[in-house]
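What follows is a pair of complexes built around subunit A, which joins subunit B in one and subunit C in the other.
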Partner chain A sequence: MELLLQQIANGLSLGMAYALVALGLTLVFGVLHVVNFAHGEFYMLGALVTVLVVKSLGLPYIVALLIAIVLVSAVAWVMDIVAVSPVARKPGGDQIVLVSTYAAGLIIVETVLAAIGPTPIAVSGFSGIVHFGSVVLTMHRVFMFAAGIVMICGLYMLFTRTNFGRSLRAVAQSDYAAKVVGIDVERIKTLTFVLAGGIAGLAGGLIAPIITFNATMGLHAGIHAFVVVVIGSMGSIPGAVVCGLSLGMIESVLSIFLGQHVAATLIYSLLLVTLFVRPQGLFQGALR
Partner chain B sequence: MKTYKKLVAGALLASALVSQAVAQEAVKLGVIFPTRTIIGEQAGHGAELAAKQINDAGGILDGRMVELIVYDSNFSAVDGVSAAQRLLTQDGVKYILGEISSTVAFAVIPVVESEEALAMLAMPKHPDVTNSGYENVFRLNSTSQIDAASFGKYLTETVKPEKVAVLVQNDDIGLTSLEQMKQLFGEKVVFSDIFDVKQADFSALATNVRASGADLVCVTAANPEQSGGVFRSMADVGYSPKRCLLPGYLNNDLPDVAGAAAEGVFSQDVYIDTIDSELNNTFVKEYLAAQGKVPGKPEVLGFETVWIVAKAIDAAGSYDDVSKVAKVIRDTQWESPRGKLRFNEIGQALTEKLYNTVVKDGRVVRAD
Partner chain C sequence: MLELRDLSLNYGSIPAVRGLTVRVGPGEVVALIGANGAGKTSTLKAVLGLENAKGSVVLDGVALDKLPTPARVLAGISLSPEGRHVFPQMSVEENLLLGLTARTRPQAGSLTQEMYALFPRLYERASQKAGSLSGGEQQMLAIARALMSSPKLLMLDEPTLGLAPIIVSQLRVIIGTLKARGTSVLLAEQNAEMALACTDRAYVLENGKVAKEGLSRELSQDPAVRAAYLGLGEGDEE
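Showing the complex of A and B:
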């Protein structure tokens, strides 16, 4: 029982990491109706900025997180200008964006590899251990989970209580209808892309102390996020959160019985099953 | 007659120019490593240092400089074969040096054989890498069998664990080492698990291995972010048994990544930077000056690939006569930063000993 509880706690922590990365990806799909293949690289950049700010500038971890959000948002804004907006407007643009963001992602990875090299860089977050009865978690995992909850609540407030949120949901439903009621659709799309970048940057900064930064970490995280987003319905914020947490728990708990590599493989099996049984995902249309 | 003299003079001048050009033409050595990984980068830096030392000393074959042509094998058999083919057929190289992965090595060797070239492999550990039947294949790293024999003796006679857990990456090296540990310890292996080579979160794995109650946990992971992640996650759940990395993977990147969680992790290896010899002292000093950190095994094996092949070409007096160069490699006892080494009849480097190593005060040092 103790082992099971510990693995559930581990799974919630792992699942929050999945959900944090998946949030931005699903947001972009929900509003822009495109898949951003460079999303994992935003996450990697968030981790990189956090690591560099803490280790090179000696600034506190929390400050590094804020800087990561700002800088990765800026990178996302540039990418939107260069590789998303101009492409997405063209006929068949939603498909071309797959390629243009993939290319942009490769450029980011290669640039980081050239500048930083493949050496992994560790950074400390919040130190200490927290005991919940027999369950043990590091302080940083607890912080990451709490920060994830705060961010999810913040996004909910943003989408439901602000003009930007209402505009964003309108664009998610229909570009045409949003234009008719006077919403600057292109501006909303750009802001959404920047917001998604910032979320990914925060996710990278939050997870970096747990898994160690390396330049190729975005690829693997991006694949996991894609699985979460597809199962939870592309464009669904609740879907990304619920499926991220669920997949993390499933993976951790199953590792007790099946071993690590089999449990991880089952996640991809769940993706296949979902595509066969409910190709639209489990939470279709929830952003709307 | 005047025209004839002019022609002879012209021919002599052209001949002199051509021979001067040939004399100055660089000796090209092809190098393949997964250059975008830390271990590939480290080995590549070692290879570069060897070329620099040889060139600084005047080069080989009467003053010709050594030029490395480096391609990324990307831990992929397809990319490795592509890189080897490009080196052999487009770049005109006859010597393929380097590589980390046995899988890539298995794929590259037939390409090397088809071009009658020579392969000096740095780090592949699978025993069969030097059993292809092609005589111009050499390997510098110890094999998993050599490691298992030496490390197994150390574990059973010195460490003497009661319960053993084995955690390995999901590739040929990891799975081979898992089988060897099971053979060595039999029922004492109370827990084993296999993790993906790209896995990043080891909290679930650490929880499961803690539940096993093992007093010795042995890990096989090529990348320090993974071995470091395992040891950190074990420390996070308050589990601190004896911990070892199977031979070949413990270097100073582990304490950099895992911090205090790496303290006490032990292993064995063919090289430790504190070996006191003139060649090693120079190697460490120059590597430190160039890269800002002390070298480990990947660096020294990368160094040896270029160092030995270039010296063998020089001793053979020929770049093109690959068989002659291979004979020199086989017949010579080589001096390297790790000490003296020889190649046996199948091209396997035989080194004097494996060193016991341990992480102490944030650094890998000799344990004995």
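Showing the complex of A and C:
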């Protein structure tokens, strides 16, 4: 029982990383109506920047995390200019973006591999442990979960209390109606893409001390984010959060009984079952 | 106020608007009437910059041709589109707030109260999702949302489409109220009887061109207009 509770607690922090990566992916789908195949690479870049800033510049972890958010947002902005906006506007652009973002993702991974190499790099986060009854968590896992909660609450406030948030939700519901009321739709889409990149960068920076950076970590995260987003309904923010946390817990618990690979196989099977039984996902409805 | 000079718009190789010249004066209510496909909606879209058109759109002496839609809204043009296009998953109040521009945002509270006074039904439904409103209520919301930018020119595209006669009567009253407030209105409407009854002047569009223009009360007596758009012969009484 104690082991089960421990794994659930571990899974919650892992699930928070999945939730944050999936949040960005679902935001982009909900507002831009495209799937960003390079989204996992933003997560990897977040981890990379965090590792490099701490290891090479000797700056504190929390500063590295903030730098990671800013730099990955900047990379997302460049990717939007180069591989998303010009392509998405063309007829059938939503499908072409699949290929253009996939290509952009490959370029990012290969560039990182060429520059850093395939060797994993570890970095320290917050040290210390926290006891919750019989459950023991590292301070970093607690921080990661708390940071995720703060980010999710911040996003909720942003979407419901600000002009930008209202405009973003308006674009998600109807490009045409948003244009009619004078919203600069293209600007909102670009800002959404940048925001999604920044959230993924944060997730990567948060996870780096737990799973160790490597240049291909974005692929695994990207696939998990897709699973979360599809099961939680494409474009649904509550779906991304709830399913991200749930997936983390399920994977963590299953892995102690069945091993990591069988757990992953079962997760992907869950994706197939969802597509057959409830193809619209569990939290039907686009970003609102 | 608004001048459209030699406005033309094509969808691919198909012309929708052909050399249209239209004028709306300050505080004037002007109708564009015509059958489906005559070019009414395309004209309004061109004015707001939603479609790329040739010719010139001039508001208060300033050419808007190079400006994108957000800048045209900021300049004082607003549209209540055909089909309403409210944001269905957002509340009535959020829909209204989305009608604000950078210019009118500081008056968000007073403008919202003004709209609730003009459309009391919306006040009763303020926190309700727009998608759950009736067609008539959604039309009121679309007009109120367009008015939140305090436009110099309000364009109404087929506001009576699919609405019950009692709602159409209410719309006529609202257009009268807007005129009394000094707001210029350009009304695109298939319901020619309603349009001619509540406007000062009208343009009859056929195949993207102006076929007739004049005072609405005179056009409503024009035999050709009566036969084509009002379903009345020369001897028929309205």
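As a working rule, the second predicted complex is superposed on the first by the 283 of 288 C-alpha atoms of A that agree within 3 Å, B and C clash if a C-alpha of one lies under 4 Å from a C-alpha of the other, contacts with A are read in each partner's own complex, and residues count from 1 in each chain.
The rule is simple: a contact is a pair of C-beta atoms (placed from the backbone, for glycine too) under 8 Å apart; a residue touches a chain by one contact, two chains touch by 3 or more.
Quantities reported herein were computed from a predicted structural model and do not represent experimental measurements.
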Worksheet item: Looking at the overlay, what does A:I129 touch: subunit B (first), subunit C (second), both, or neither?
Response: first
Practice prompt. Could you say whether A:S174 touches subunit B, subunit C, both of them, or neither, answering first, second, both or neither?
Written response: second
Item to complete: Have a look at where A:F276 lands relative to subunit B and subunit C in the superposition and call it first, second, both or neither.
Response: neither
Worksheet item: Of the two partner chains, subunit B (first) and subunit C (second), which one does A:G117 touch, if any: first, second, both, or neither?
Response: first
Item to complete: Report for A:S13: first if it touches subunit B alone, second if subunit C alone, otherwise both or neither.
Response: first
Worksheet item: In the superposed arrangement, does A:I210 touch subunit B (first), subunit C (second), both or neither?
Response: first
Practice prompt. Check the residue A:R166 against both partner chains and state whether it touches subunit B (first), subunit C (second), both, or neither.
Written response: second
Worksheet entry | subunit C versus subunit B, contacts on subunit A by residue | B
Item to complete: Would you sort A:G182 into first (subunit B), second (subunit C), both or neither based on which partner it touches?
Response: second
Worksheet item: Which positions of subunit A sit in both the subunit B and the subunit C interface?
Response: none
Worksheet entry | Residues of subunit C touching subunit A in the complex | 48, 50, 68-70, 72-74, 79, 81, 85-90, 94, 97-101, 105, 145-146, 149
Worksheet entry | Partner subunit B, residues of subunit A touching it in the complex | 3, 6-7, 10-11, 13-14, 17, 113, 117-120, 122, 124, 129, 136-138, 141, 210-212, 214-217, 219-221, 251-252, 255-256, 259-261, 263-264
Worksheet item: Residues of subunit B touching subunit A in their complex?
Response: 36-38, 40-41, 170, 193-196, 198-201, 203-205, 207-208, 211, 223-225, 228-229, 236-238, 253, 256-259
Worksheet item: Quick one: in the complex, what on subunit A touches subunit C?
Response: 163, 166-167, 169-170, 173-174, 176-184, 285, 288
